Structure formats: structure tokens, C-alpha cells
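Next come the structures, one after another.
Both complexes below contain subunit A, partnered by subunit B and then by subunit C.
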Partner chain A sequence: MAPSTLTTLISPAELSYLRSSLALVPPIRPDARTPTQFRPLVAEIDILPSTNGSARMVWGDGGECVVGIKAEVEPTEPTSYGKRRNWVEVGVEVQGQRDDDPLGVFLGMTVGESLLTPTSTLTERLVITPKFHWKLYIDILLITPPLSHPATLLSLSTNLALRSTRIPRLISESDEDPIFDDDWDASIPLYSITSQLPPITLLVVSVEERNIFFDPTREELSVGDCVLAISLASSPAHDAPKVIGVRTLESGTGGIAADAKDGVVAASIGGVKRRVIKRIIKESLSVGKEVFESLQGVVDAN
Partner chain B sequence: MPISILPPRRAHTSKVAEFSRSSYDDDRSAAEEGEADVDMEGDIPMSGALQRNKRGGRTSIVTPGEVVTDDPQWMRGHGTYLAVAEEGEEVGTRIVATVAGTVTKVNKLLSVKPLRARYTPDIGDLVVGRIMEVQSKRWKVDINSTQTAHLLLSSINLPGGILRKRTSTDELQIRTFFSEGDLLVAEVQSLFQDGAASLHTRSLKYGKLRNGYFVKVDAKGIQRSKSHVLTLATANGGGEVDVILGVNGYVWIAKKTSLSDGKKDGKEVSITRLEEEASEAIYSSVNEFIAPATRREIARVGNCVRALVRHDVRVDEEMLNAVYEAAVEESMEERGDADESLDGDGGRRCVEKALGLDLFSGEFKDK
Partner chain C sequence: MSRHELLSPEGLRIDGRRWNELRLFEARLSTTTAADGSSYVEWGNTKIICTVAGPVEPKMGSNRSQDGATVVVEVCFAAFSGNDRKKRARGDKRVQEMQTALQRTFSEAILTQLHPRSEILITLHILSQDGSVLAACVNACTLALVDAGVPMSDYVVACTAGSYFVRGGNNPEDEGEDPLLDMNNLEEADLPSVTVGTIGGGEKITLLQLETKVRLEKLEGMMAVALDGCGKLRELMDEIVRAHGNEVVRRIAL
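And now, the complex of A and B:
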């Protein structure tokens, strides 16, 4: 359940207009984008001097997100794999929201979840010696109130920040207490070029079975039948990415159907067909591949 | 390519913003052409914020808490306060900025114009608002201001004739007129003492909005002007599209529908009975049929408004038409990266084409 701050007031006339535009073949998005087109992003990495890794990402109209990552050495307790959940701590601060606002916690969980799945291989990278590991603090600051669901923005900027993260080089033996090289130039990147990359999460919304939209705006989310957050992991060889998680999000109206006769919106019966989900996942694989390529471009440019 | 991630562009001072922003700029650019800064020259030491590059007409930005000047000859205006000197300090009173923005002066009055601000209502403004709350005799309307505006049940057109008295039945049926989330266009009728606006929709021009799409831009993006309701003749068989530019930065773009089409059950409606005939349909939330071609053009007009505001260009009929034309041309040209969303470079190209100006260098281009 998304906190109520993510839902919008929208009038019945707007709802019906949006819904019928998105249901057309070919669909017309309210900002004339193609179904798979993302809003243009501006991104830079390595912007905060006192962090291990950082990134900043801005949407054309508003939304801005700054991510800083700090690493700390922590003794490893000899317990099960499940305890590794505590190795990464994600904190989201939404500007203008109170500290105890559920929105921040909710968004933090969305980002943390995909990072901590075993297939994302993040926690393996944090192991220093059998007795010690790095603990990552990922602090995310969402500067402007979200114009749409910020999950994509957060996940893409976290991805960039993780890829710019460097950790000091270990100079001690693996059975001693860890000692690190003082020289920052000798530090090693958390994600080397040849390794599997951190996961990303894409939002996808489907309308009327036939149309699927990527990077939906808030209005588009509110008229969708089904909203999925798809987490993808990719290898640097630019093979097709792997799906590592699918999560449904609440769509604004819980699925509505436009009555063709008088344009009034009414609740639809049924739910989402399996072939729709299948198509969404299939399309997000090809879109995800291009997103990873663009992210690579940002890293290369730096 | 579905996604483009660009490196950040370093800030440039745009000349366009200077001449297109508002009236004070007009006086200033006039002054700059002649003997610039007459009243500021001489032996008066000014802080950096007031020293202007005479050629470019560029201003620097002050931030909250920054001392704008300590010269006693200036009067403080909006966006500033007077800091009284404490004991032992040499300087006397200083004018300190309370908002981040550019310094403007009118004669001896210094004010700071904020870069981003919420809308401040004024009587007579045309605004687009969204109902936030329904109370027993009034609605609370979000108009992008610091406070919600009020719309009283007595200041709307009630169905069944404009001269009808408000009854308790109307109070009970208040949600049949406007309910939460509904969009409306209204005029600011009066202001309360705390600055909150009271709206009215007592005209056929005002009332509930339908058949279109809502665009929100920064409140500073829409300047007060002669007319705020425009009609664009669109290309590609889109027909006519109405654009309502709310002074509060809320913009409504809809298919043109005219209440005075005058046909009801095949009969002409006389102009005197227009109010009564129309009022039945006024509070309907049901859209008419809108052709896909019209929807596509509505989306394009919305993108044009956003692009204009993003590049700090005044949104008026002439500019909107020019940018729209440029956007249509842009989409006609066969390009590999056809991008109709005007969010990125496409939007800048269209605005530049419409202005005949390079936005970053400020150089005029051949049209």
C-alpha cells in the first residue's frame, strides 16, 4: 500500500479523458511521449566529496534526487545469510515531509528490496574478511516533491551512486583485523567494469490490456489497470537483463473502464490477465537493456 | 532510444528571460539603452547585487539573509527587511533579502523578486483551481497559493437561472455542483485579510472544466495579461483548442466547445434565455466525444506551454502560436529521434525558432 501522499485528486472528466486517450490505438500520452519513452533525465556522479560514492539525477520538470553512499567496517556475526539484510541501510528523506512520514520509509524499502535480493550480488561484494564486512549507508534526498512516483528516479540514481562507489584497498591478510591503504587513489571500485551491475527498478503501467507505458506520470498511474515495479539486474556484457523481482503497486483507481457510450468511468470486472503481465515483463527486458546502456554512458562520461 | 540521460548543462544567463519577463524589465531595458543607472551612479557605494552589467542587462541573485545594501537612501520593498544595527556596529540600517531572487528597484524602492514563488492572488485574476474540500456552504479550492481559496455557494451560478435565490436544497446538494477533485475556472472576487482569495464563477465564462487536459507550471510562468482565454487553430485536423491560462500557473487545454452554439433540440436558443438553458449542462462531468487528432494536438499545446515556461518566455497568444507552429514543423521533419514530448532539446529548438534567438548565447538568429 502506497501512502496516501502518493495519490492525487483528479476530476472525473480528467480521468475519463486520460483513460480514453491512453486506451486508443496508437495511444496518446498526455505529454505526447511514445509508450516506451522516458522523460529526459540529467545525471552526474561523484558530486559529494565526503562520500564513498554519490550521484544526482534531475527530471526535466522538477523531481530531483541526490544520493550519497558511506561505507563503514562492521564485524560480521556468524549467523545465517538472512542477517545480511542489515548490511545495507537505505534512508530516504523527502524534502518538506516530516521525519516520521511513511512515504520515506516506503520509498526506502522499495529501493532496498531490490538491492538485497541474493541475485543482485551486492552483499557478496561487501565481505572484507570472514570476520568483517562493509556496512553501506545509502542516503537519498528527494529535493522536490514528487511529480510522479519517484521509484524509478530513486532506483536509477542509487544505481549510479553505487557504481561510483569506491572502497579502500585491503592491505592486511584475510585472517587479521583489516587494515586499509590510506591512499584514496588506490581505492577499488565496488562495482568493477566486468562485474554484474546493481539492479534497477522500472515502473510500468498497463491500460486496457493493449497498451503498456513506461515511466508513467502520476496521472497515468491513476488511470492504469495494473502498475508493476520490475527490478532488473544486468551484466556489463549487455546481455538481456534478468528479472529479479516484480512487485505490484496500487494504481490510483484500482482499475477502471471507460464506458464508451457516455464517457463515464466505472469499475471494471476481472483483474489483470496473465498475458498482460507476460507482455509487460517481456517489454521491460528490452527497455531495461537500453536503460542500462544509458546509465553506462553516464559512468563512461565521467 | 527510449531514455536519454544527459550530463548537466552549466548555467547560462539567458537574455530572453530579461526582456520577456515582465513590465519592470521593460523600463529597465529602456534605461539601459540610454544613460544606464543614472540614479545609482556617483559616489554611492553599492553592494555587488546592485551592480549590473550594463551591456548584458544581467542581474545577480541574492539569497535570503544577504545584505542588499546599507545605504540609507533606499526604501525597502517586497522580499526584504530592515536590519537595525546593533550597538557598536559602524553601519546603520541595512536592507536584507528574505527570498532568493533578483534585485529590482523602482525609483528609491528596493525589492527582491523571488525566483520561484507560490501564486499571490489579486482581485480580478483569472485562476484555474481544484476543489480540495467541500464544506456546508462553500468549497475550499487549491489555487497554488499559500492558502486555499474559498468559493462560496452564493458566488456560483445555480442551475435554473442566474437570478434564483440560494436555498437549503442547494446546500444539501452542494456536491452536485462541485465535488472533491473537480477542476474549475474562476475569478478572484475579493481577498480576505490574511491574503486568502474568495472566488466567484458567476459568468458563463467560468465554471467546471471538462473535455481536456490539465497542465501545471510554475506560478511565475504565467503573467497577467489582456486575455487569459485563448483559442488556437491547430494543425493536422485537430480543430480549435481552447487554452485557459490561469494566473496561478494552472493551465487548462481543452477542445473548443461553445455554449452559444445555440442548438437545443433543434431549436435556436434566444440569447436572453442562454443562461438558463446552459446552466443545466454547466455542472456535468461527462466529456464530449474528442477525436484522436484533437487529443494529439491538445498534448502538443500542453508541451508548448511547458517548454515556454521552462525557458522563461512569456506565455501569450502570439508566443504560444509561434511555438506551436515550430513544434508542428519539428514533428513533420523526418528525424531519426522524433521526440514530440518537447522535454529535452526539441523544446529548446522550438522556442528558439519561435523567438528567432539563441537561448544560450542570446544571439539573434535569422528566422
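And now, the complex of A and C:
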């Protein structure tokens, strides 16, 4: 975990106050949201004419990102399935950071990881003929430096960009070198309406085993016991999504040791019970379904 | 594409404009909430996001000057902005040249003496390139600086002009060069073009960049056309800023 996204400027007393209000039943979040409520966001797709697919998303805390996807034809080497990892390249550029900044590399890896799980079906879509495939370049511009952890923002905008991605229609036979239709109107969407949609990643933080929160702010992340990034894949019929990956992220220092007195913030002894993780995954399925529905709304509105 | 097709015998360019017409110029202010000032400019298919931070305390001591604010410009070409995907490193020569040109232009236009020991950081994200990128950058910076409330003497407006060689055929008297206003990508690739930046859209030139060789006599005609375009653009930008200002005032009043 790149540390720069989790540094908070609030004092131990404030951390303690925040943690105890989040641990209440029902919990009180600093911005009065319910545990499963997301911050408001603005999204638009298909904004750049020179790309195969593009999306822009503005998050409630001012985080803004633009995603552009370009596809290039590449000859397929006759090797194992594992080589297909190179078919998708994710690059993240964070404003004001150097090119080789670890944050950008880390975020690119997080986004790429969920796209490339064998169940995500992305690489199957990139096959043109047995000898050729599309190489997908997903470039993400993070225009404002992240105020909260940008994993969800990047994943949702990448999802939208992938869904607006169109690839030219093949007009040659499958054993020839590929030739494509010049007409952009005849191009084929990478993800059709009836197919499985690209995966999304949601951040979830748990506090005191009792409460779990979606779309956490940076302060909420820093007082959580456990932060999970859950990757979900939806099925075409809009029934419950499937979990395709879970990754733990470093939580802050706000965890209170079990033997601490009077809610004094001390170093956490770390670890959560299995039932907490089970509950997080269960709840993210229902929240994930809602998120997929709202993303569909964005696509439909376009 | 051969040069002949850039201007049809009827006097129409490949995108259907006449020689003295600008592409559609659209802009929005305050697009990024997290920045002090921001703008989004769409000029034909050239699309740019500009954010301004400042005046703030300089991050680096070398940018601290007793005489006035330091203007720092950062230009990022998105990897997907061109026809082919191309990642440009920060140290790219062309990017650095653009940064220096913009930095000098805006150091002149901004009343820097009002904010000594501080820094104004302008960041430009080029999302889509279709010619006149430098000129679009200048216009985007101006709008973002207006949005940030940075004091400037007047609008800095830039525009490009090119020169098209007309073959006379059988009649040598028809031969000559036609100036073209506001170049797009295809025209820029084949014809000499000049970028002219002015303060206030009048005759005060602050930026002049000629990328290709052109006969000296032709330069005056190209500059005159570009200046004309700058004047039109200033009116457009002024309208956009005033409309945005009215909208802001209306929202405060509610």
C-alpha cells in the first residue's frame, strides 16, 4: 500500500472520536451518510473522439479522473494462457507526481488485477483470429490528487470506459491477416448489453466488528480495523454479482487494542474475525448490485 | 493526403470551413472542484483541461522570488490524445518547449508583483489533439486563471494561421499563397503555420511561434489573419466568462 494515500492530518483525539462514533449502533458517519451510501458522483462516457472508449468521473470529494482506451492489433504468440496478461496494459498518471511514482504503478496494478482474473472474460473478447488479438491500452488520468483512496473511483470509471469501448468489425476470414471495416458506425461494442460486464472494485472498511462502511473517506479508512478491496463481476441477467477477488489494504493506525482502556487510541493488534469478512462479502454483493444498476443508468443516459 | 485536397477549388477546407473561419470554440469554467481555478476547452476536436493552483507558497525554494509570483506550467499529453497511443515522458523536448513558452507568456500577462514570494501552478491536460494545441493551451490557461481570480492585465488569446500555396495551372497569374485561419491536425501536418498570442486580442503580441519554413513576405499576411482570429476569440471568451460570472452570482443569490 502506497503510504501517501493514507496520511491523515487529524489528531489522536479526533481519531478516537471518529472511531467511537463509527462504532455506535446505528453508526454516525462524519458526513451523515448511511453505511452503504456512496458520495455523489458525476459520470459521462464517450467523450473523446480519438479513443476506442472513454469516460470521465468526478467524485464527491473533488477527485476527478479521465480514462481513455485505445486498441491496437498485435500478433498472438502461440503460448500459454498466462501470457494473456500482457494483452491489457493499464497506466495511471497522477497529476503532480513523477512518471515512476509508486502510487501510479500501484493503482494501475490494482485496476489491472481485477480485469485480468480468468472469470472476467476480458481477454476472450480481445481475440480477433487465432493469430491476432487486440492489445488494450487503458490510460487513466487522475486529475486531482486523491483525497480518499482512489481505487473505487478508478475502477468505476474504467468500467464505464470499457463499456463505451467499440472495436472495428472484422471483414476478413479468420485464417487471413485481419482487415477491418472502415465504417465506425459498423463497429462492435466490446461489451454488449447482454454479456457479462467488466468487473468493479469496491472499498469496504469495518469498524469494531459491528459496522461496515462502503465508499470510506480517508479519515474513515484510518480508523478502520480492516480495509478490503472487493472485486465483483456482474452477470448479464442483473442478478447478484459474483466475487472475483478480495484484496486487503493497510488500514490506518486507529484500531484500538482489545485491552485499551477508555477508548484510548493505541496500536492495533491487527486481524479480524472470519465472520466479519464473511459479512463484508455478503453485504458487498447487494451493494455491488446497486452499483451495477447505477452504472447501467449512466450508460443508458448516453 | 496531397496538398491539393486541403483547399477545394470552391475555397472550402477539408472540414468544410472557409479560409477565415474558426472551428467551434466551446469552454467551461470551474470544472474541477478541487482546484483554485479550472477550465475545459474544446476547440474543434482539440480538448484540454486546465487547472490552476495558487497563488500558493512555493514548494521549492528556488521558485520563491521577492519581486513577484513565479508562474510554473506543467503540460501533460494524455497517452490516448493522438491518433496512435504514445506515452510522452515528462522530459520530452516538445513538451518542455511548450511549458517554457506558456510560462513566459503568462509571467508577462499576470500582475505577478501583487503576489510576491508565491507560486502559481498551471497544469494542462491535453485529452485530444487536433491541431492548434499550443493556442488552445493559452486560451485554456487564460480561462482557468480568470476562474482562479489571478489578476491579469487582459485576456491572453492565441490563434494559429497557415499559408496555402495555390498553383496557377496554365495561368501563372493565379499563383499565390492563401492564408488560412485556425489550423487543424491535417493542415498543420502539411502547411507552414504560425501561432500568435496577444494580450487583449488587439495588436499586442506576446507569443509568436513559427514551426516551419515560410517566405518572409507571407508572414505578415498570416499574422494579420491570426490576429483577426484572436480578436474574435477574445469576444467569445469574454462572453463565456461573463455568462459564467452571471451564473455564479445567480447561484449565490438563491
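Definition applied: the second predicted complex is superposed on the first by the 284 of 302 C-alpha atoms of A that agree within 3 Å, B and C clash if a C-alpha of one lies under 4 Å from a C-alpha of the other, contacts with A are read in each partner's own complex, and residues count from 1 in each chain.
One rule holds in what follows: a contact is a pair of C-beta atoms (placed from the backbone, for glycine too) under 8 Å apart; a residue touches a chain by one contact, two chains touch by 3 or more.
What you see is a predicted model, and the numbers here were worked out from it, not measured in a lab.
Novice: In the superposed model on subunit A, is it clash or fit for subunit B and subunit C?
Specialist: clash
Novice: Is A:V58 contacted by the first partner subunit B, the second partner subunit C, both or neither?
Specialist: The answer is both, since A:V58 touches subunit B and subunit C.
Novice: For A:R98, decide between first (touching subunit B), second (touching subunit C), both and neither.
Specialist: The answer is second: A:R98 touches subunit C but not subunit B.
Novice: Quick one: is A:G68 in contact with subunit B, with subunit C, with both, or with neither? Answer first, second, both or neither.
Specialist: second
Novice: Report for A:D139: first if it touches subunit B alone, second if subunit C alone, otherwise both or neither.
Specialist: second
Novice: Examine A:S50 and indicate which partner it touches, taking first as subunit B and second as subunit C; both and neither are also allowed.
Specialist: Second partner only, subunit C.
Novice: What's your read, subunit B or subunit C touching more residues of subunit A?
Specialist: B
Novice: Which region of subunit C runs into subunit B, 2-10, 20-28, 128-136 or 146-154, after the two models are superposed?
Specialist: 146-154
Novice: Considering each complex separately, which residues of subunit A are in contact with subunit B in the first and with subunit C in the second?
Specialist: After superposing on chain A, subunit A residues 58, 61 contact both subunit B and subunit C.
Novice: Could you please specify the touching residues of subunit B with respect to subunit A in the complex?
Specialist: Those in contact with subunit A are residues 1-9, 130-132, 180-183, 208-214, 285-290, 292, 295-296, 299-300, 302-303, 306, 310, 339-344.
Novice: Which part of subunit A faces subunit C closely enough to touch in the complex?
Specialist: Interface residues on the subunit A side: 47-51, 54, 58, 61-64, 66, 68-70, 72, 91, 93, 95-96, 98-99, 137, 139, 141, 143-145, 147.
Novice: Considering only the defined contacts, which subunit A positions touch subunit B in the complex?
Specialist: 9-14, 16-18, 20-21, 24, 28-34, 36-44, 56, 58, 60-61, 214-215, 262-264, 287, 290-291, 294-295, 297-298, 301
Novice: In the complex, go through subunit C and note every residue touching subunit A.
Specialist: Interface residues on the subunit C side: 32-35, 45, 47, 49, 51, 74, 76, 78-85, 87, 89-90, 123, 125, 127-130.
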